[in-house]
Amino acid sequence: MFLGLVIGSVWATQKEEGMDNLKLMIVQPIDAFGVRAGSQVIAADRIGAGVGENVIVSRGSPARVLFGGKAVPIDAMIVGIVDSFDVAERSSGEEENGWKKSNG
Amino acid sequence: MFLGLVIGSVWATQKEEGMDNLKLMIVQPIDAFGVRAGSQVIAADRIGAGVGENVIVSRGSPARVLFGGKAVPIDAMIVGIVDSFDVAERSSGEEENGWKKSNG
Amino acid sequence: MFLGLVIGSVWATQKEEGMDNLKLMIVQPIDAFGVRAGSQVIAADRIGAGVGENVIVSRGSPARVLFGGKAVPIDAMIVGIVDSFDVAERSSGEEENGWKKSNG
Amino acid sequence: MFLGLVIGSVWATQKEEGMDNLKLMIVQPIDAFGVRAGSQVIAADRIGAGVGENVIVSRGSPARVLFGGKAVPIDAMIVGIVDSFDVAERSSGEEENGWKKSNG
Amino acid sequence: MFLGLVIGSVWATQKEEGMDNLKLMIVQPIDAFGVRAGSQVIAADRIGAGVGENVIVSRGSPARVLFGGKAVPIDAMIVGIVDSFDVAERSSGEEENGWKKSNG
């Protein structure tokens, strides 16, 4: 999975089978320090993620497993809304810096 | 999924099993601000996407699920034609910029 | 899928189960303008693609679907030899440039 | 798989089905020389990996296979905690440099 | 698949189910000209690949197919040890350069 910031949503009337009734959010991958990390992803959301929230996104077939045997061509899902995270990074093995962050 | 701009189409006479009767489009991934984001993708289209339109593309096994048990070696599908999208991005947590965009 | 240029072939005597009798080609991904786009891929070929030809390559599980239930650990297949393609790209929404290209 | 350094952990109360009781770690991919190699990944951990440890992370459907038929939308798992590794790299075929490293 | 140079091996005592008795090698992806191409990959090896050898690596679910129904969370396998390869690349359609290379 990757950490992301929800930055928007997208609508499509003309769409493939299995794409009905899916809320599609635009997610900017970020690292644990809030820095952008790669290209935006469009992810389906069923847990009520809103713009400005940090989320966990799962990709590929594992994201699709939630739809079971249904032919839903979804390759990215928001699987969690981040409450908080801890990051401690050792640079060159001696120094250790700690961060605590809460969402919102 | 990712957001893309349809920039062309491609034809192949000599092809693998399961590739017949598939319209193949060349899609340039873009971000929500219209900026190019990564390498072009060739995606199958069954919903009538045309050159110049913004689309949503799904990749990998989830893109193939639409063909059920058939041996169709497709790893990218256009799953939606974008009507519009909203993007709001907070830079450094204070500033918030809003965009609205319609396709076409 | 992605567009690629076949630039060579590779041989291996010592190999895994399911890798016998497979022609393996070295493919350089390119964009629709012929510019290199990412790292080379080794793809299996069953449709007679030759060095210097533009091809369509499918990756991941969808590439493997052609081997059905057999344990063939192939993650990339040449699924089409490009006859021609059309590319039209709008830069900033006003200008439109058109290209036509034939293979060979 | 890729080599990674566990740099933190993340919590989510609001989450998708199948995400309960999973410890989620933030992993920074590194190369065998300790240099960062790509974007951070959020991986599930069931083997007790701690911050500061080098781990092996598997991604995609293979990471999900450990949950069998359960609808767990996990696309990355810590599959091993690194004890040690040996790296020998030939530059231009003549020179050979050797490294030995232990975790911890 | 991709072409790679085996540069080392890695050991883990604490590991997930299905990871026992697997030799794990560190592989540096290279292009057909020997130039590094992307981040190192940890791949399982069952065909006796050694440090300094050029190999073919398959990734994702196709790499896992060799373990059948067993819950082995492996996402990369060495599927061939390269004997030799031919590369011919046309720059701008006129010039053609040829290389032949043998492993070892």
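We call the chains A, B, C, D and E, going by the order they appear; numbering starts again at 1 in every chain.
Keep in mind that, in the parts below, contacts are C-beta pairs under 8 Å (C-beta built on N, C-alpha and C of every residue); 3 or more make two chains touch, one makes a residue touch a chain.
Keep in mind the model is a prediction, meaning the values are calculated, not measured.
> How many steps does it take, at the fewest, to get from subunit C to subunit E if each step moves to a chain that touches the one before?
Steps on the shortest route: 1.
> Need the CA-centroid distance for the pair subunit A / subunit D, whole Å please.
Centres of subunit A and subunit D (C-alpha means) sit 19 Å apart.
> Nearest whole angstrom, what separates the Cα centre of subunit B from the Cα centre of subunit E?
From the centre of subunit B to the centre of subunit E is 30 Å.
> Considering subunit E alone, which of its residues make contact with at least two other chains?
60-61, 63
> Taking the contact definition as given, in what order do you meet the chains if you travel the ring from subunit C through subunit E?
Order of chains in the ring, subunit C then subunit E onward: C, E, D, A, B.
> Mind listing the subunit B positions that touch subunit C in their complex?
The contact residues of subunit B facing subunit C are 5, 7-19, 24, 26, 28, 39-43, 51-52, 60-61, 63-64, 71-76.
> Which residues of subunit A touch subunit D once you look at their complex with the stated criterion?
1-3, 29, 31-32, 37-38, 46-48, 56, 58-63, 65-66, 68, 77-90, 96, 99
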